[in-house]
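The same subunit A turns up in both complexes below, where it pairs with subunit B and then with subunit C.
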Partner chain A sequence: MRDKNLRQRVLIGLIVGAAILLAICVGGLFCAEAAKTSDFTRKNLPPCLTYPFGTDWLGRDMLARTLRGISLSILLGIFAAAVSACIALLLGIAAATLGRTADAVITFVIDLLLGIPHILLLILISVALGKGFAGVAWGVALTHWPSLARLIRAEVMQLKESPYIQIARKLGKTNWYVARKHMLPHLLPQFLTGLVLLFPHAILHEASVTFLGFGLSSEQPAIGIILSESMKYLVTGKWWLALFPGAALVMVVVLFYAAGENVRKLTDPASVHE
Partner chain B sequence: MKKKLISILCAAGLAASLLAGCAGQADHKGAKKESDLEKVQQKDDAGEASVIVTMPTTSEPEAGFDPAYGWGAGEHVHEPLIQSTLTTTTKDLKIENDLAVDYHVSEDGLTWTATIRDDVKFTDGEPLTARDVAFTYNNCKEKSTVNDFTMLKEAVAVDDKTVEFRMTKPFSIWPYTMAIVGIVPEHAYDESYGQNPIGSGRYIMKQWDKGQQVIFEANPDYYGEPPKMKKVTVLFMEEDAALAAAMADQVDVAHTAASYSDQTIEGYSLMKVQTVDNRGFNLPALEPREKDGITYGNAFTSDVNVRRAINIGIDRDEMIENVLNGYGTKAYSVCDKMPWYNSECEVEYDQEKARQLLDDALWKEGEDGIREKDGVKAAFTLMFSNGDSVRQALAEDVSNQLKEIGIEVTTEGVGWDVAYDRAQSEPLMWGWGAHTPMELYNIYHTLAQKGIGQAQYSPYANETVDRYMDEALKTSTLEESYELWQKAQWDGTTGITQEGDIPWIWLCNIDHLYFVKDGLRVADQKIHPHGHGWSIVNNVDQWSWE
Partner chain C sequence: MKLELNQVSYQYKKENKKILENFSLSMGDTERVGLIAPSGYGKTTLCKLIAGYLTPDSGEILLDGRRVSSYKGYCPIQMIWQQPELAVNPRLRMREVILEGDEVEPRILEALGIEKAWMDRFPTELSGGELQRFCLARALGKRTRFLLADEISTMLDLITQSQIWNFLLKEVKQRQIGVIAVSHNQALLEKVCTRQVRLDYAIK
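For the complex of A and B:
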């Protein structure tokens, strides 16, 4: 690693992280069936060679369930983060460019949403939409945009006043040209980093809301379901039901967080000096 | 690089704390319980004949100990302890007198007359008269939302000892209703009665810490045999907390589930109580049709041969072994072992015959091993209530077993908010079992004014079955009615059994399991109904310590 420069090392880290996440997703796709198959002849097995993560009280393979659960979370995270980021981008730009009234309204909405605990709003939206995958996905998607929107708004406002954009306008460039050639490239690093950093939040909130029973229904191999089921069996010493899925969840969150940092380093010109 | 490492650690910490935050709530609750337990424990060192029993948190009566709001006479029936009832159910679920010394019904079945004891006093010293009885029933009729009192027109006190129940229709099993309605004092009844109940029963409610515990003390002026157990403390907690409490030697009787039955706790032994707490699923017996946005019926299960094949294609023994660790009995009806049960309901497990039935009905196996007929797949979704691990496991086992005869079953967890409507077209894993034949009526009898005029919970209609049940309600003695209830199940030509229409499949009766402290003699239990709560203390007055 020493002979590589920072940029190359970051790139390698990013690729490795992405590869692991991709592997989990692909793995999850393939064990959709295995994660649901119950077999009472192999119930409550502690971790062994055949079942590295053990089995639960229905004899379901916990490795398959964990992989499937994580991949479900990632899928949901991608959807929720994408929607959230788009809302953030649109509202952020709108607030900064459409004048005082629009700014006041949007800022108020942002403050309002930030003032309510995420999880509460999430549960409300999820239950209102009938729970299930759609409920959680929209719940997460509609609650995670305010902080990014605020960031983008501030960024755009600053940009509007910056000399090179003022000059470009004075030179008679169109709004569209200024937005495309000057603003977007400047905003992209923040936007991408913000987008990737939404993932861990989205995934953890999905797990929490499902854990609390307001999310996916209990035959689904979601990580929140797995963890809440395991609570009942911890007292009887079945530690593997909670440990491995929990650790896997933490690992995925860490990977996404690291990936976000890496993306920032690669795209933000200022990070050259680190 | 260092910065990166720190940030990763922070993220991990964040993730862990978020999850811990969710789990923390439960922990906190547990800890609070524990300190309460210690309090209880200290009080009991006084050395009285006292006992501490745990119950599920759902057993705590939300609206208090008021029969009008479901205490004793609710979804889960049991003896009300604080109040006394006119009659009571015996160990074999027949009826004997309690407050009543005599009761009889008029020729037309429209008037029940009960004479009551004259030596009974409420715990506030006032005598219990027929006026209190009449008041109680009228009050229940007016307010009860959890139990059906529509057959009662009014209750009238004729004199101090005689009460007349005027009915809207004949209801021969009225004594079973009289066995669950605790008599409340008219003079001391107001909206807060449930919080400070006064009765004439075996126990007095001394203290109720909501969300935690109820403490009962023996009623010194009880008119019957004085209770041996002087103090009863009931703690409300989940099964895992109850197990932990037993492990810490803090309770005398801890309710538990089959999944914990392999635990051994020093100083405790596992007690199992037979129940009619059954689990089974409905098979909509009607071609699909729609009304008011709800689909009624199911194309696959509307074929009676399919329903018969499913009934004998399920190995109940294996299921009890797999799911209940052997703690259960095979169920063939909603009322196994009750006096009104018809043993014709029983069937033998026969996978070959099940296959044959499906073959004969032209359900042919496709390439994927799943049967088909005229483009209809031999498949259904079996729903279970979210978070109920036993029902989920039963549903999974049904799915595995029916796959062997070429039927595809997908399981799905649902909430009760949507379950009732969806069960009109898709099978749902239910739990039933009550100390009254009325349950047969509720499940199998058609309701003209509701839905599409079929049975309430799952589309089914059979005029003959209806007629037997209507007649059963019109008989003048319980014995006659038992016979008619049995005929409603199978009369030799039609009914709800394997040879009949079999609109519901019954799987097992779940034994109620308890860890009981060594030295405590828990009196013989009558067959428990649905609900793992108050039934255990029905006869707590007769328990004793060795």
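For the complex of A and C:
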């Protein structure tokens, strides 16, 4: 690793992170049956070699349940973050380019949404849409765009006034050229980093809404469900029911944060020299 | 081609003082006019007005009898900015920066001492003086008829400064490009320009 420069190390880190996340998703697909199978001959087993994460009070394999839960969370995170980031991009650019009235309206909506606690709005939307996967997904997607939208709006406004874009216009370049050659290279890194950094938020909020009982239904082995159910058994000393799924959730979130940072570093030309 | 400024006035909205008041100037494309004034007398503002980056509050700026702002597409009046670091996009390679100009001839790049290896670099990988040469080359595209040089050589050493001005003089004479040069260096303006205009007299 020593002989590689920062860029190459970052790239390796990114690939490893992505591979782990992909492995979890694929693993989750194959664990669908195993996560549901209950077997009372093996209930409440602490972690051992056959069941590394232990088993629960119905004798279900906690490793399979955790994998399934995390992969469900990642899937939901991808959907919610993608929708959220697209809303942010569109509204951010619209606010910066469509004139004062549009800017005032969009800025007001951004401030309004930022003023309400995420979780409250999320619960409202989720319940209004009938809970379940769709409810949580739309809830997360519709509440997470304001901060990224604000960032993009500020970036576009600053770019519009920059000398090199004014010069490009005097050199007879079209709006399309300016957007493609001058705006995009600046916005894309912001957008990608923002997009990746939305994942952990989306996943954590999905887990908390589900934990509180306003999200996914209890037959689905979501991380939030696993954690809220394990609460009842924690006092009886079954620590593994909460510890491993919780740690897995934290690990995935950390992986996504690291990936977001890496994307930022990769897209910044000045980072070549570090 | 003829560049005319008739009674041009301009004021930045936040300040009470007028930067330019009823300023007039007329020049042809064989002339090289030097602008002299102490700092803060609106030399750069005047350049931005002429190049169309700003619009005057009153008065008009005409190129061959047509308002400069009415020229669509490539503007025949090109300004070279004082800070080359701000005048190029930090995320574009220098090759793209040159391509933005109007079919800049390779001989111009060569004469300005731009090395082939620089073309693949990003602006952060070049010094201010090196970047300024790119800005010069970009402004010397085919359709350029007037060049506004706003303190373009302050960041260069004396030898490079004279090399670049020598080339520029030859180029503008040959292609009949009019020049407005701004500098604090009186000796340079005397050498380069056919006449000089004092902004502080024009205002006070």
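Points worth noting:
Simple rule for what comes next: the second predicted complex is superposed on the first by the 269 of 274 C-alpha atoms of A that agree within 3 Å, B and C clash if a C-alpha of one lies under 4 Å from a C-alpha of the other, contacts with A are read in each partner's own complex, and residues count from 1 in each chain.
In the analysis below, a contact is a pair of C-beta atoms (placed from the backbone, for glycine too) under 8 Å apart; a residue touches a chain by one contact, two chains touch by 3 or more.
Just so it is clear, the model here is predicted, and its values are computed rather than measured.
More residues of subunit A are touched by B (comparison of subunit B with subunit C).
Contacts of A:G115 after superposition on the shared chain: neither subunit B nor subunit C is touched. In the superposed model, A:T236 lies in contact with subunit B only, and not with subunit C. Using the contact criterion defined above for the overlaid structures, shared-chain residue A:K173 touches subunit C, although it does not reach subunit B. By the touch criterion defined above, A:D39 lies against subunit B but remains apart from subunit C after alignment on the C-alpha atoms of chain A. Touch criterion met: A:E219 reaches subunit B, while subunit C stays clear of it.
When the two structures are aligned on the shared chain, A:L249 is found in touch with subunit B, with no touch to subunit C. No residue of subunit A touches both subunit B in one complex and subunit C in the other. Touching subunit C in their complex are the following residues of subunit A: 162-168, 170-173, 181-182, 185-186, 269-270. Remark: subunit A residues 38-40, 43, 57-58, 131, 200, 204, 207-208, 211-213, 217-220, 227-229, 231-236, 246, 249-250, 253-254, 257-258, 261 touch subunit B in the complex.
Of all the residues in subunit B, the ones that touch subunit A in their complex are 4, 7-8, 11-12, 14-16, 18-19, 22-23, 26, 239-240, 243-244, 259-260, 262-263, 322-323, 386-387, 389, 392-393, 396-397, 399-400, 411-415. Within the complex, the subunit C residues that touch subunit A are 51-53, 72-75, 78-79, 81, 83, 86-92, 96, 100-102, 122, 124, 138, 141.
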